[in-house]
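In what follows, structures are represented as structure tokens.
Here chain A shows up in two complexes: once beside chain B, once beside chain C.
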Partner chain A sequence: MTPPRSPGPGPANRPAPQRPWHVRLGAALPLRYVLRRLAGTAGLLAVLSAAVFALLRVAPGDPARTLLGTRSATPQALAAVRADHHLDDPVAEQYGRWLADALHGRLGTSIRTGQDVTAVLGDRLALSAQLVLLGFAVAVALGLPLGVLAGLRARRPADRAVQSLAVVTLSTPVFAGGLVLIYVFSLMLGWLPAYGPGSGGGGDRLLHLVLPAATLGLSVTAVLVKLTRAAVVRELAREHVTFALARGIPTRRVLIRYVLRGTVVPVSTGIGLVLAYLLAGTVMVEQVFALPGLGQLLVGSVTFKDVPVVQAEALLIAALVCLANLTTDLVHPLADPRLRTAAATAPADRDKGQA
Partner chain B sequence: MYVPARGPGGPTTPGTLLEVTGLRVVADGALSGPEVVLDGVDLRVAPGECIGVVGESGSGKSLAVRAVVGLLPDGTRTDGGSVRLRDQEILDLPPAARQARRGRGVALLMQNPFTMLHPQLTCGSQIADGLRPGAPGGPAVSGRRVRRAAERAEVARRLAEVGLAPETADRYPHELSGGMRQRVAVAAALAGDPDLLIADEPTTALDAANQRAVLGLLRRLQAGRGMGLVLITHDLRVAFSACDRVYVLYAGAVLEQGSPAELESDPRHPYTAGLLAAEPSVHERLPRLPAIAGSVPAPGRRPDGCPFADRCPHAAPVCATPGVLLRPLPHVPAPAAEGHQRLSACVRLAEIADRPGALKGGAPLPAAGPAKAAPADGAPAPVSGDPAVRTAAAPVPALLLEGVYRTFRSGAVRQAAARGVSLTVPQGRVTALVGESGSGKTTLARIAVGLETFDEGRVEVGGVALAPGRRPGHGERVRLAGQAQIVFQDPYSSLPPLRTVEATMREALAAAGQIRGASRRERAEWTRDRIGELLTQTGLPAGCATRRPAALSGGERQRVAVARALAVRPRLLVCDEVVSALDVSVQAQLLNLLTDLQRAEGFAVLFITHDLGVARQIADEVAVMYRGELVEQGAAADVLDRPRHAWTRRMLAALPPAAVGRPGPAIGPLGPGEQPLQ
Partner chain C sequence: MTPRTPFRARRIPGVLTFVCGSLALILGVAAVAGQWILPHWDRQNLLTGAAMPGGGHPLGTDELGRDIAQMVVAGARSTLSGAAVVAVGSMLVGNVLGVTAGYLGGLTDMFVRRWADLLLALPALLVTIVVAGIGGGGYALAVAVLVVLTSPGDVRLVRAAVLEQRHRAYVEAAETLGLSRTTVMVRHIWPNVLPVVVANTLLNFAGSVVALSSLSFLGLGVPPGAPDWGRMLSENRTLLYDNPSAALAPAVAIIVSAVVLNLLGDRLFEAFSDRRS
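Then we have the complex of A and B:
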């Protein structure tokens, strides 16, 4: 065929070199936007903290009695607690003091044990964080590839198989799933320890966390599978994918660059949500596997009405969820230029299709 | 020569770039089983030739070309026929071999510039993705930096080819206008230097100025590269102005083939003739546009034999015999160039071609002046003749705009959409507001019905004055709703998708506080009757009431939108580009309907359009808007025959000859007394 005859790059048409990466990053994530998101997150946290603070006030009964716990409620003891916690001050003032203390890491003392709440949390935080991260790794490592596979093979046997598995894991309660795993891998095969955090160093801890993390991760994998599958199916049907194929771009390249690229925003939103689910999931998993983590502590504290601990935990979880949210918000404009707030050059002419 | 034999294996003519023979496509419906969507389509493209494929939407144009490139949508598949590209059958090739052929052998450019490019990739990288390995800048050059630089240079060259600046490479599609996006898409489609480019409605989503520019660009590139071009369009004017040869496709079959000049001056199929006649002329207002009745039948509901039979005014029992084929014209000597043979699929051509006025050379219908157009059959005559007298008798105009300003601000950019516009729409008359897109027509329309605020000036809608700088309050909105109603361009998005037609209309009646009756039952009854009356008035079957918009065709939806607007008997109907998304035959139906309704009910119309032919057909008066200002205003005939403003002159001069020179009604298949066989 005849080679194309197109005008060469004349002086007016010389390509400008591509802008360096930090300029492009700045354009994609303007400082103003980052600051605004940070401020938004802080505001959200303030609202949540007020709600957490209100926990004690809305709990039935006299707050002083609640704070006394099982100790005998003599008038003197009550008065002491009142003075200690400034319960007679105006509510706003109480909240301010409580918040200032919380920001300095002073979360009060546990009613149940009399220990410093910060210290109680600190021990357990590490274990729960390891559990959540491992569970998250399991969910992402399984959910994303399976979701992509199901999406690419939509309505074919592979898709049906993946979807059926997803439904099974989704509809299995965490305790049941955990027990099945314990039965198979600890009792029958004897490969992995059944419960406890382990006593040795990192390797032992990891071994002990495999089953809990698998249980936790599997409980949310289905959500990721479904989300990813839906996103892939939607992207595959896009006209730009057909156009990419129609101009001869190799199929593999189209799948990776055009189809998967388009799923980043919905899937990353899903991942953010899944993190929140995982935090909530620790409660059950730590019970089943006898792990002394935050979840177990939460259950104990709630049953015992150990309000300061519950407050501290609620605050921590809220902060983590907000953080996950913030991360997604910052990832989105990187992934999708349409979500960038920087005022783009206004289109010169408007078209019928938009008007 | 007779038509090429159906089925694969027919001899190919040497020097053919693309030869499609007897292509069949079926859709596997979930409930109904396979339905034939394309029933034996034949197309041929010689190297360096530009052919057009025209037909109403739903005719199967898109499926035909997607079958050719092997990218049929889910649920459809080819079922016989042959597609030969440079003498090689490609329907039998394995998927990988077909994919390798795309981009170099044939590339497909799609309709919508807003969805065709990936929103998250820069324009430059999307062009670069299609470059051939081995070509300068293609992936074969060694060395990452050298390769990157070569690629950027090549992309800049490709951008220059379509008339874009090199900076465009780093832009994302959403940062560009529709016309620019379509150019980027053209550059991307041509990145692999295909022998054949298929463009599926490349200009439909663009405004008039961009349409011409993109069409010109495609033709220039095609000529420069010696490439074959298949141009798919539902717009006859576009096909006639750009193509060497045109195929008329209808309900999955090619009905006629010939050169633009032949098809235009001497259509040899009633469908082509009908399409041509339905096109409004800018020079003459007809009492009625000769519209083709009905709409394209869905794949499962096509008649046996000639697919056009249920809409054809000349249909006879013989037309129902199966196997209606495209055949050379009787009495027409085979021309020297074999590719330019005239073909028609009408079996009764010999009989009807002799009938005067059937397909050509008929006596034109009586032309009517814009002000005293003859009343349509049965419709009451206009209220009064002389506009001046009527204005004196009814001093309150339907719409009064005086010195209206409206400026939009987005960041630092200020866009003046209306700059001191003064416009009066008298009671009971049709005023067309014309102008290119972005000239402020829609803003003005929205101000008139209280959907948009204005900065300063005076706006009165049938005596209801609107205050500048704020939206009307609830009470004002109710009063306004009784005075003025609006119908929008896009019938797909202006109706609530989850509501039945009946619910939508009931809501409109309730919003204007017009439901009458003492008891609940009486009110329900009144509403039902009124809705039935409105549906009949707008030519919709009664069964429509319980349907949702998705179950209606584009034309039907627009009728529902009109019925909804008229439900409250407004004194002013604002129509914003209501026909520009419709096919020419459906457009003619809707224009006729609006004219009838307007004459019967006597409301005023502010009709916004960018199409001067449409304006001529519907309007008594024409106002021309240019960059936010009203630059010209007067009786339709005065403005369009003796334009004074430069923009109006330019628009009239730019009209393709198809819309100007053709004697409008001469080829109407539906004469005054003729009724289609239903």
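Then we have the complex of A and C:
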């Protein structure tokens, strides 16, 4: 553990004048570390994309039949599909071609509707993105303050109350929570619309997204509360915090500069996790609130075995997950000086800071 | 062996624990025997249709005139048994991999950790939706996929616990005696790791109740006709005007089960960390 800066008055203790930003950034994030993380992400993406490609083979039966869907499986049609998708080539070659196409935005055509998959995804992306962003805002706005409160008041009534709330939200499946919210706020109180994306402009859309976003946000709040609480409790028990308080530094200042600062790394790790939960939650929320977003498309396509659409969505999700991981890895050394030396020598230890 | 000290007296008298334990027992009985006790849970009465509570139906009826209360009891089995399989299965996988990786270290450890990291980065529910849906294997496949995706959490937990034990004197003593590595792992280290594992299994159980009922809600879990809370909820959610409890009762059942399991798991964790300190 790093000792706290020595106390004492006078300008002698001021930090040295700051170096230019690119020098500081270079010290915090050595190029080798960044490159290694990028390579790791690329590797992860390669593994995941191979898994996504393999989905066509996971579907029971002949891939050509799967790709035909409900069209009649005449030998000519099957042969045409085989030729079209190069199904008789070696698997590695097929994977390479598929990946190259995907990288160029050519994701094939939907079996169900015959539409271009890229266009279909594009139509639905906006709604889901709005939903995830709003849900994320709800989760952060609730989870972080409640977690800090619970951590500061650990084992006291306020903490117990927050923890109970967290357990209940953690135990509530998204669809059940959404249903309860619809029942209370739409049917009993009549304040908010229950279903659909709304027609017309931004205001109406926003009104229709209030309940879905609240449902989505609440479903992941517990994760943030737990992580933040644990981090605050751990930081409060640290020697440098006790010492700072003993030195007579105002409590508020200690809390902000020492305790909360120390929670940045575990909490930002948690936020990366939350994104994964949010993506899964959107699927359920869109189903409950009849929102035509990516999640609804995914469920519809999965039940119909519309493999190209499912593959495209899975690839999109995989890319988002990799991106979130990469971002947390790159942000950590910026937030925590101790990880900078680690970053310079070894890959960041992902276990660090987890409860 | 580390010295055994008794569990420290709890700060709050165990009222909550007692309530949770009783509820867990009731849920267990409903899951095991519910369909024997109430053999007529699926008796239909199309003339009544969806009706509000009353007239011998404490929670009313659904669209086919089936009694909601009886269906909720009968539905305990599929939801809870699937989740129990996921929790226990992931515990087994987690223990085998976690103890081996933690004790052997080296390359084994690296591979196991990479594997766990990879799976942990994935959104479990989404992967299950995609694989179970495309694979078309129904409930069994969904449960199997969830086992694979839940286990890395156990692997990490067990591995960390083993690493903590790894350098204790009793391990060294056992090794000095010339015991085989398997014996040291299974007979000496594993019992000391077990309490955390049990607590975590309860938490996984709770999580799996939520996950499996979500899948059933989407129509990817149990087959149509089988009593299941997630499925009931999805079929009855259009009845919110006619008989709200048709949709709300299974929702409450899911939430209560998960809360009970979560609280019991948390309590066990606390008891264990109290003992250790």
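Operating definition for what follows: the second predicted complex is superposed on the first by the 322 of 355 C-alpha atoms of A that agree within 3 Å, B and C clash if a C-alpha of one lies under 4 Å from a C-alpha of the other, contacts with A are read in each partner's own complex, and residues count from 1 in each chain.
As a working rule, contacts are C-beta pairs under 8 Å (C-beta built on N, C-alpha and C of every residue); 3 or more make two chains touch, one makes a residue touch a chain.
Keep in mind that what you see is a predicted model, and the values were worked out from it rather than measured.
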Using the superposition on chain A described above, determine whether A:189 touches chain B (first), chain C (second), both, or neither. neither
Examine A:171 and indicate which partner it touches, taking first as chain B and second as chain C; both and neither are also allowed. second
Shared contact residues on chain A - chain B and chain C: 350-351
Across the complex, what residues on chain C touch chain A? 11, 117-118, 121-126, 129-131, 133-136, 156, 160, 206, 210, 213-214, 217-220, 230, 233-234, 237, 240-241, 244, 247-248, 251, 254-255, 257-259, 261-263, 266
Provide the residue numbers of chain B that touch chain A in the complex, in ascending order. 66, 69, 71, 74, 96, 99-104, 107-110, 112-121, 126, 129-130, 148, 152-153, 155-161, 165-167, 169-172, 174-180, 185, 188-195, 205-207, 209-210, 224-226, 410-413, 437-438, 442, 489, 577, 580, 610
Touching residues on chain A, where the partner in the complex is chain B: 1-10, 13-19, 237-240, 242-251, 253, 257-258, 261-262, 264, 335-338, 343-355
Complex interface listing, chain A residues touching chain C: 44, 47-48, 55, 58-60, 155, 167-168, 170-176, 179-180, 182-183, 187, 276-277, 279-280, 283-284, 287-288, 298-299, 302-303, 305, 307, 310, 314, 317, 321-322, 325, 350-351
